[in-house]
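Below are structures written as structure tokens.
Paired with chain B in one complex and with chain C in the other, chain A is shared by the two complexes that follow.
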Partner chain A sequence: MSDRMKIFLLLLPAMFIIVVLFFGGLAIGAMRSFNYMPVIGLTQPNFDAYISVFTDREFYLSFALTFHIAFTSTVISSVLAIGAALLLRRSFIGRGLVNFLFQINLTVPHLVGAIGMLYLFSQSGSFARLAAEFNLIASPADFPALVFDPYAIGIILQYVWKEIPFIGVIVLANMQSIGEDYESVARSLGASKWQTFRYVLLPLIFPGVLSASVMVFAFTFGAYEIPAILGANFPAALPVLAYRKYTDVDLAARPEAIAMAIVIALLSAVMIYFYVRYSRRRIRG
Partner chain B sequence: MTHVSIKELTKVYPGAEAPALDRLSLEIPTGELTALLGPSGCGKTTTMKMIAGLLEPTSGDVMFDGRSVLRDKPENRGVVMVFQNYLLFPYMSVAENVGFGLKMRKIDPAEISRRVGEMLELVKLPHLGDRKPSALSGGQQQRVALARALIVQPNVLLLDEPLSNLDAHLRFEMRDLIRSLQQEMGITTIFVTHDQEEAVVLADRVALILDGQMKQYDRADVFYKRPVDEATARFFGGHNFIPGTSDGHSFECALGKLALPAGAVSGTGRLTFRPENVRIGSGQEQENLLTAQIADIIYLGTQTRLKLIVCDTEVEAVVNPNEIESYGVGDTLPVHLPRTTLWVI
Partner chain C sequence: MATQESLGMRSFRVLTGAVLITWLILPLIPLAIWSFAKGWFYPDLLPRNWSMRAWEYAMSDTAGVLDSLWLTIWISLVATFLSILVGVPAGRALGMYKFRGKEIVELMILAPTIVPGIAVVLGIHSVFISMGLNNTVHGVILVHLIPTLPYMVLVMAGIFSNYDPAFEAQARSLGASPLKTFWYVTLPAIRPGIIVGGLFAFLVSWSQYILTLLIGGGRVETLPLLLFNFATSGRNDITGAIGMIYILPGIIILLLTAKHLSGRSGAVGGFGQI
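Moving on to the complex of A and B:
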């Protein structure tokens, strides 16, 4: 058997999953979004679902909210993760324990974290009760709305809590593989600590930060369960809106839901493209 | 330009039992090129990093022109270090790398561009400013690293194994370039190396460091003629160490009674002489003429190494291949040890 054939056969299972299941599903979804469903007699494809999506004011509100959630979570997580990695790469007493604690919530599912967030930060949660107990507020209901709130603070808190160690672990590994010699060179050439970070370390770790933050952005932009549990009813995040339409009793809303899901994927890809381009130019000058 | 004084410099890394560097003291005169020579792990790079301010000494002091610089931040010391693996910033062009130090000093971009051009001319890479470091050869990267260091006109230049990653022909080229730039700019320069040949050809003075301690600090030729001990002599390629007793004029040992040069120490010790100083005797010599049997002949190209047995003692010699053309293993021949080449340690 030739090497080419061997490679082809080895790749076949993975290619089957990607081509048949992913692209197959996408193709069927796309057909439905164009109102092409021969099974129920729809044989004339059209753009009605997309027109409906783009003329719905709620879609734009949801898009703005979802972008706010994804962008804010990604930026805060990335900045804090870089800071944490800078601290954790130093040697200090108890570093192993701190490192362990830093990474421990990687193993906690998002859903569990969201429920924890609900217990802690809702107006009937532990912090609200504690604040009322210590007379910081008159009653738990006076606690600031951090979940189900219009600014999605609870959702962002949950993502930041979960994504800091994710980005941090990648950045820390990146920093450790780079070592400190580049920074030593910069210092001896006259760079201050800040200049060394800005002009040397940051551009060096940038590919790692970029990959991790792109993953976080894509995930937070397209994730359903956290906005569903911690988000306000209106406006809802785009994936929540799409799911509501998909599960609508009116089957005619289904193409609109799928169109929305496809729009979410496309918007996510476009935003990631511009994010990568812009940040590469800013960081590497 | 700067006179560098290193006083009892010691570094013990956390958790280490032995110091990486143990009370090293050195005086490096203004504008001189000094080599810190020693095997890997002997404390050379640790010394450099402490001079540059990149590492805190456990004790001791580093002084520039009589002033302690231990409290000065690395960026304020006027010391630039060029690392063994160049460490050019991979995302910057060659010109950006060279101009980095000036940019950090907030020099006007037009001035940076002018000085970068001059510096690239100086290191003979005038056309490569736009390239990325990954598109350069090892020798070109080394030149860029050197240009990046020299452009900030440091008081002290530190070079970590500057020639070790280069091919043989590039080593000669780079050695000459470093030497000429250093002399032209008069920068006090310290470089570390594990290669005694590199140290000898490049440095005004050599400091030999073994196991974290300085063994000898002298002009290069002294290491060959007057090593302080056997370890030093061995590091510089010495092979012959014959135990015996000296009365200051002659040395009584297994080879017989050999005449010593003036100034030789008295007492028990080891007689040492370099293999290349063992001469094939003509029979006319008045002193230190011995009869040797050839145990082995190793042809090295331009030289031939001989293992000789003299009075049941093994002696190594390196001679011109033409001199022993007519000899074979087992033959005997006269050998002469000129008194000026002998040394007692």
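Moving on to the complex of A and C:
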């Protein structure tokens, strides 16, 4: 058997699944969003769904909110993750414990984190009770709205909680494979600690940080259950809005829902571009 | 470098370490307390009455929590098994060969790790309806392959890129059949990859919510769906108990794989999906 044949056969089952389920799902979705479904007699594709999506104020509010959630969560998590990785690089009392909790946290599903945040930050949650204990608030309503709030603070807190370890573990591994030689050289040439970090270490770890951040951004932009638990009703995050439209009793809203899903897919295609640019070396193993 | 550090710097580290530890375990604490609480009303910092009621409910045969647990385990196990079956050969092709179009194949396999499930699943849903796969366990297992398979392939590609096929050739020249060669030569060499990739695939499937909700149509009630329903209906005590049950496999898996795990492995990306 020739190598070409061998490679083809080895790849066939996996590619079949990915092409049929993943790309097939996307393609069927795209067709439905254009109201093109020959099977059920819709043979005239049109832009109706996109027109009603793009003329709906709620869509823009949702999009802006979702972008805010994804962007803010990603930036805060990345910065804190770099800090955490710098911390974990050195030995100190409790490092083993932090390391272990870091990894434990990686395995806890987002949904559990979201419920935990709800119990911590809601107006009758643990922090509100603590505030009441110290007479800072008179009733639950005095506690600032951190969940179901218009700024999505609860959602962002949950993502930051979950993504610091994710980005941190990747950055830490990056730092460990780079070693400390470059920094030692910079230090011996008179660079300050900050200069060493800013001009030596940061550029070295940046591709790793970026590829992890892209994954986080795409995930936080497209996740459903976290904003569904912690988010306000209006405007809702885009995936929540899409799901609501899809499951609306009015079946005519379905193409609109799918059009929103396609918008999410297009945005993640942009993310893939960045991911591939910065993470090629990691795939090659 | 560490020896030159001042006492101030060292205590700063311990302090930030302590803050980090607190932050990392904080959200799990109210869940754990709720599961043993019998009513826990504002503004009590701790429940006045403790009880095992939520746990008794979760463990009872009639509540459906255990059924849901077995169903979730079954779905994740089958999705993992299929991912291994399909992912190992693909990993071999990507890890051991250079070929035209390889970059495109890699990109296609990577794409599902970035594109959110909701973007894909709405299209799949309408196809599954016409195939009768919606609202079935089979349908749910199939869609779980979308997020699980890529990690299996990535991990195996990493393993096979450090793999020497000469051993296989030797076994064959000594008269071993292809099956025996695979069983006695290839499999032992790639086993660590299969274990780590498989555990990741299991966890990724274990944490799926929206794919299960849409394709299962609420009829395939896995643990995350049950957890979500209890959380949004205000049964905090039962939510706490189910939450604790739900995170257990991840912790067990972590304890099993800690020594294999490093941020350098392609598998760690899988954590981004959980």
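One rule holds for everything that comes next: the second predicted complex is superposed on the first by the 263 of 285 C-alpha atoms of A that agree within 3 Å, B and C clash if a C-alpha of one lies under 4 Å from a C-alpha of the other, contacts with A are read in each partner's own complex, and residues count from 1 in each chain.
Quick note on the criterion: a residue touches a chain if its C-beta (ideal position, glycine included) is under 8 Å from a C-beta of that chain, and two chains touch if they have at least 3 such contacts.
Since we're looking at a predicted model, the values are computed, not measured.
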{"item": "Fit or clash - chain C, chain B, common chain A", "value": "fit"}
{"item": "Which of chain B and chain C A:120 touches, first, second, both or neither", "value": "second"}
{"item": "Chain B versus chain C as contact partner of A:258, first or second or both or neither", "value": "second"}
{"item": "Which of chain B and chain C A:136 touches, first, second, both or neither", "value": "neither"}
{"item": "Included angle at chain A between vectors to chain C and chain B, based on C-alpha centres and rounded to the nearest 10 degrees", "value": "80"}
{"item": "Chain B versus chain C as contact partner of A:184, first or second or both or neither", "value": "both"}
{"item": "More chain A residues in contact - chain B or chain C", "value": "C"}
{"item": "Touching partner for A:199 - first (chain B), second (chain C), both, neither", "value": "first"}
{"item": "First (chain B), second (chain C), both or neither touched by A:51", "value": "neither"}
{"item": "Which of chain B and chain C A:64 touches, first, second, both or neither", "value": "neither"}
{"item": "Superposition-derived minimum Cα distance between chain C and chain B (Å)", "value": "5"}
{"item": "Shared contact residues on chain A - chain B and chain C", "value": "91, 184, 187, 284"}
{"item": "Touching residues (chain side chain A, partner chain C) in the complex", "value": "3-4, 6-7, 9-11, 13-15, 17-19, 21-32, 37, 39, 83-84, 87, 90-95, 97-98, 101-113, 115-120, 124-126, 128-130, 132-133, 140, 158, 161, 165-166, 169-174, 177, 180, 184, 187, 212, 214-216, 218-219, 221-225, 228-229, 239, 242-243, 246, 254, 257-258, 261-262, 264-265, 268-269, 271-272, 275-276, 282-285"}
{"item": "Footprint of chain B on chain A - complex, ascending", "value": "91, 181-182, 184-192, 195, 199-200, 203-204, 206, 284"}
{"item": "Chain C to chain A touching residues, read off their complex", "value": "1-2, 10, 13-14, 16-18, 20-21, 23-31, 34, 42-45, 85-87, 89-90, 92-95, 97, 99, 105-124, 126-127, 130, 142-143, 145-146, 149-150, 153-154, 157-159, 161-162, 203, 206-207, 209-210, 213-214, 224, 227-228, 231-232, 236, 239, 243, 246-247, 250-251, 253-254, 258, 261-264, 266, 268-269, 271-274"}
{"item": "In the complex, chain B residues that touch chain A", "value": "14, 49, 52-54, 73-75, 77, 79-81, 83, 85, 87, 89-91, 100-101, 103-105, 148-149, 152, 158"}
